[in-house]
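In the two complexes below, chain A is the common chain; its partner is chain B in one and chain C in the other.
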Partner chain A sequence: MTKNNDIKMMTPTTIVLFIILVAGAVTAVYRMLFGLGAATNLNDLWPWGFWIGVDVLGGVAMAAGGFIIAGAVYILNWKKYKVIVRPAILNAFFGYLLAAVSIFLDIGRSFRIWHPMVMWQVSSIMFIVSIHVVLYTTTLATESSPMIFEKLGMKKALGFVNRIMAPVVLFGVLLSTLHQSSLGAVYLIIPTKLSPLWYSNKLPYMFLVSAVMMGLSMVSFETILSARVFKHKPHMEVLKGLARGTLIVICVYLALKVFDLISGAGISAVFNGSFTSNMWLLEMVAGVILPLVLLSMKSTRNRLNSIFVVNILVILGVLLNRLNVGIFGVAEYASMAGSDYFPSWMELIVTAAMIAFAVLGFKVCAKYLDLYPETQH
Partner chain B sequence: MNDQKADTSQEPVSTLDRLREQGVSRRDFLKFCTGVAVALGLPLGMGEAIAEAVANQKRPPVLWLSAQECTGCTESLLRSNHPTFEKLILELISLEYHETLLAGCGKQAEDWRVKSMKENKGRYILVVDGSIPVKDNGIYCKIGGKTAQSLLEEMGAQAAAVIAIGSCASWGGIPSADPNPTGATSAHEVLKMKGITTPVVNIPGCPPNPYNFLSTVLHLLTFRKLPELDEQARPKFAYGRLIHENCERRPHFDSGRFAVQFGDEGHRKGYCLYKLGCKGPETFANCPSILYNDVGAGAWPVGTGHPCFGCTEKGVGFTVPLHYPARPKYITPPTFFTEAYPGKPEVAPGTKALAAGVAGAVIGAAGAAMLTGLGKKDDENKDKEE
Partner chain C sequence: MELNRRDFLKTVAGTGLALASQAIPAAAIMPREVPPEAVGILYDATLCIGCKSCMVNCKQYNSVPDGALYSKDMKNPPFELTTPEKIWDAPKDLSGRTVNIIKAYKTGTGENKDADVNGYSFLKQHCLHCISPACVSACPVGALKKDPVNGVVYYIEDRCIGCRYCQLACPFRIPRYEWDSASPQVRKCQLCRHRYQEGKYAACCEFCPTGASIFGKVVDLRKEAEKRLALQPGREYAFPVQTVNSKYKMPRAVSKYQKHVYGLTEAGGTQYLLLAGIPFELLGFNKNITDGVLPDLTWAYISKIPTVIAAVLIGGAATWAITHRNDKGE
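Moving on, here comes the complex of A and B:
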């Protein structure tokens, strides 16, 4: 039962992913040896680039599904979602691992990454971010550990973890809400750099709400995808529930965005054809308006393929939002100050390797651990 | 005030001990003193000298006289939030008399003032806030039956130094605005009329930055002399440069980017407020570099989008209409040049390419998903069959 023999490890995709992973690892070593300047195109005006935008902001947002589903199952006792709780948490764990590794590579002096844990600087937003990453990654590991203990047959440890699961999940939910929003709060310190289309005192809330939206879609997306890849039947009721949840959160997010636009930059600011306004429009149309229109039709919410499409749209939209906040929103300022940024091939390969790592890791876990306890009975 | 005085005379403990009792560590104390040294433009090592001076001396007596004023100076001083500031100011100096902060009142308070003046003759610091009415023999402001003018003359003559805090005491301020019905006059002019030669320092501002005042006091304590003053008796460390020289919006001025109306595009983008009547080009003060309330960047009038109205400058604040353009008679370069903006307000090509790539990927992926996924119906049935 604990070994899913239907999953083949030696597929062409797996091999390609593995090659990317190795290339990324070599590049990461190069970065450690020769520094950020040699490996990346970052500079003083572009201190944060692709790694922060995609791996950290994107990875953490993708991981939001973990705390939502864990909270729904272990705290609210919504039994329906029990079937997806393990993959959701595992997915979140990989998201956070990605973020943690990227932060390690992105900070100037990587081997001082432990400093915030020991030397608390409680008035710094970066302290909040770093302590949350550490605590929540640990929490996610604890939440995922029953699978490992089952596999290894450690009954005592399993019993212990299951007993403390509710408080651990509660703690994880608390950390997640704080962490998702604190990533937004990081950008509160650059009012002059970030375009007013994204800069707002509500940025932390927007990060949280969009992460919830993304988390629900991500869990649904990954449920459908793994059902296809690992060839088992997805639970349509679960997917319908997730789609309903996504719809509700999208409405909240849209209201928040529109309110913020009106009270901040003004509606005309998104229709003036500028670089930032086009990026804003693309993000909103692809990630919010289209999914909202599609999901508001009952026929969409009941069809697996349509839900899958909506999931892709939402994920793309929120990822683009993170890139907009992290990179394109500061582009006008940095360009005016005479600087340019396009990620170096090393940055791209490391990011690709991160994603490859998550996919491969997930696959290995699906093969050797009891990731879908309900589907195999 | 009486009790406090009695306490200190009973147990002669050092300032540091007293601070420790109140929860101020040695480290906090040194930090405060170093901060003051920096505000004064002194080398960092002076922080220790200041700390020593403050900790080892008998607290100098300070009498505070309020005339035609709004208490804004006191209020802003009370809100300076360096670590436990209120305690520090009460422990650094011995505040003998201050109408807003007095514990006693009426005759008791006035008696204490007289007693303290007698005891500390020639040693105390007199702080004045508010302008002094001199019209009709100064009857427009009376304290304890005496006019503010006579009080200032009496107290100023016996003081070691006079610090005029706020624009009112420095040059007349808002009460002196046309038509000046009370004949509001600055402290140093009142003293001069009477021929009193006690040195006067002016700390104009409405209200002035509390750290300018604090730094002056500590300079006095540490070096036993007043800081270097300009021709208007203002400390040069605080009023040596135009606001326009240190303003964070100066690059916009130099590039000709102005806000012309409140809420217009330029105003939202943080452009120069010169055309809204900003008096930065003719006003000497350190507001843009020292800021207010210790809350970080932008915490001063221009930083929040309001033009400077020249409160520290005689003949500008409360005199020139608020939105009347400044007359930049002192043409000085900015103290530092911010990042050069060589390019047009256009996004650089590399970033644009990245954005195009990302946008293409998003549109491509979303489009492909919608085209292939939305039309498919068979799949669903197939799922059901399975």
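Moving on, here comes the complex of A and C:
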């Protein structure tokens, strides 16, 4: 098989995505030449904004499907999920690329991005986060490499990567566990700035569990979507399994959040009608409780369209959680100190371009690589 | 079959054990006691007349090589000409161009100095030089350091990548960024550490005419602050000028103080101490500052990492061995 001729590159969607990508690239160059103040609405009271909240925190959480499915297939030996292991890993790889490019643009001295690798600071969560981005992106590239080696007919390299795959995957599971949780740990040092609705000493656990929840939904979402776009039959058994997994993780997450609310800010804190508490309610009701109710019905788990809707709810819910922790949860503190923040159009266009890049990249890979080895076209 | 089972287990579990047994260096944990020779500033708002001499001189004496506001191709100190005439350096807040600022607080008619009702007060804002600085613990590249001898929290421009985690981590909103630059730096007070070698000390204290800001060893400053709190309001006291052990004194009637030395316990204690007649939260200081040591909050997570590494690698290898026991190659 050389390429999937069913996949057409010149569709209207592709062209629009490409235009967004070019606009984003131009904006990124502008940001590099004229600095963060010229391109973004960030300021001293809002040192982090949309790029960190959406691209980095969201992108990394979205990538969690990669380590879960890889772990299930290569460590737990759950053969059923082998059909989705390649797209799941590729999806994760794009998620991490997105985060890495965003970090490059977000830091003030982009070309010093390698500094943490040689200037170790073990007391810094940010150091731990950056080490993990590098190591795990490399791991994901290794996990994806068999597709490239197959395509290029490099039998020796292919054999080598396949032989070391199990330890590589285990290493990936370890890195992801630490990386997902350490992104939550980033916020442990701001107990006086982050709203008590989100601040908790359990933030690392919450980030990890919610990332797993989102990862499972993302893999399912992406399986259904690519089956539609690339016109092959989705594996219903796999989707049912993912839905069951999502349901279990949602239960754990909800228990964690409710326990934390009761032992921390208190239940009344979410019903005081303030903007912050409404954001908490929106995140929890639309992104956690509603998916939980829907998924606990067997009829939902058996229907493709219902699963698809639940996936979208979970994904948006976790994205909102990251925005709440990164932006809305510190808004009260920052506005008290006299500053508001809304992303500039340049920040928005760069984020849109990142997403366009991931979608286009995935599509190109689906066309030219053997992304779905067990699906007949 | 992928890999010889015994080799796999040996490598993976071995790495796990090796990592777990390797303790993270204790140096990574922040100090919690103020170093005996540490220096700092005591600011007494009841003595401050708002002349801003400290601001003028801070900017001037820090716009020289190694100063907190220096950059290579600068012609003038980084003034902020915010008024319509554009002739005054008139910063509104701390910024990438201003690392020390005097602000005024006024309530009601603002007639009486240091009074809660119809009163006013000045306040001086700059880096507090925490004993366990959150910014130092947060920095991924060691661009912020705490001097082990004098305790000054300083910045090494060459290391900084501009992630701005220091800005997020600081509970006092101190580090500021040069947003309008394409190669920006973090700016904050470095307690004029570049002037110590020539026998000088913080410019804001040297040029304070009333003794509102005095420089000295933290142990002496703490004693001085507590002594002032114990004084009878209205009685005369000879306030030292410039430094805590100065022979120049300014005799003055003692004002009524808030019974708290700000900086003694806040965020685990700081080397900048403040006294005021008006409650500190009214002067804009965060009331919810924890007395706990902020870096401890992240350390609680980081110290668990070796255990997680060992658990995942050993548990994962064991799981792999069990789930693959019947696989005979494909």
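Annotations for the structure displayed:
Note that the second predicted complex is superposed on the first by the 375 of 377 C-alpha atoms of A that agree within 3 Å, B and C clash if a C-alpha of one lies under 4 Å from a C-alpha of the other, contacts with A are read in each partner's own complex, and residues count from 1 in each chain.
Operating definition for what follows: a residue touches a chain if its C-beta (ideal position, glycine included) is under 8 Å from a C-beta of that chain, and two chains touch if they have at least 3 such contacts.
Treat the numbers as computed from the prediction; the structure is a model and nothing was measured.
Taken together through their common chain A, the two structures put chain B and chain C in a clash. In the superposition on chain A, contact is made by A:A337 with both chain B and chain C. Contacts of A:R109 after superposition on the shared chain: chain C is touched, whereas chain B is not. By the touch criterion defined above, A:L178 lies against chain C but remains apart from chain B after alignment on the C-alpha atoms of chain A.
Of the two partner chains, chain B is the only one touched by A:L282; chain C is not.
More residues of chain A are touched by C (comparison of chain B with chain C). By the touch criterion stated above, A:G159 is placed in contact with neither chain B nor chain C. Judged by the touch definition given at the top, the superposed model places A:P167 against chain C, while chain B stays out of reach.
In the superposed pair of complexes, A:N305 makes contact with chain B only, with no contact to chain C. Judged by the touch definition given at the top, the superposed model places A:T192 against both chain B and chain C.
When the two structures are aligned on the shared chain, A:F34 is found in touch with chain C, with no touch to chain B. Clashing C-alpha atoms with chain C appear in just one stretch of chain B from the list 116-124, 242-250, 314-322 or 350-358: 242-250. Applying the stated touch rule to the two superposed structures, the overlap between the chain B and chain C interfaces on chain A comprises residues 45, 191-192, 337-338.
Chain A contributes residues 32-38, 42-45, 47-48, 71, 74-77, 103, 106-110, 112-113, 115-116, 119, 121-130, 162-167, 170, 173-174, 177-178, 181-182, 185-186, 188-193, 201, 204, 337-338 to its touches with chain C in the complex.
Considering their complex, residues 268, 270, 298, 339-343, 345-355, 358-359, 362-363, 365-366, 369-370, 373-374, 376-377, 379-380, 383, 386 of chain B touch chain A.
Considering their complex, residues 2-3, 8, 11-12, 24-25, 28-30, 93-96, 134, 136-142, 159-165, 167-169, 171, 173, 176-184, 286, 288-290, 294-295, 297-302, 305, 308-309, 312-313, 316-317, 319-320, 323-324, 327 of chain C touch chain A. Of all the residues in chain A, the ones that touch chain B in their complex are 41, 45, 191-192, 196, 233-234, 236, 265, 275, 278-279, 282, 286, 290, 294, 303-306, 308-309, 312-313, 316-317, 319-320, 323, 327-328, 331-332, 334-343.
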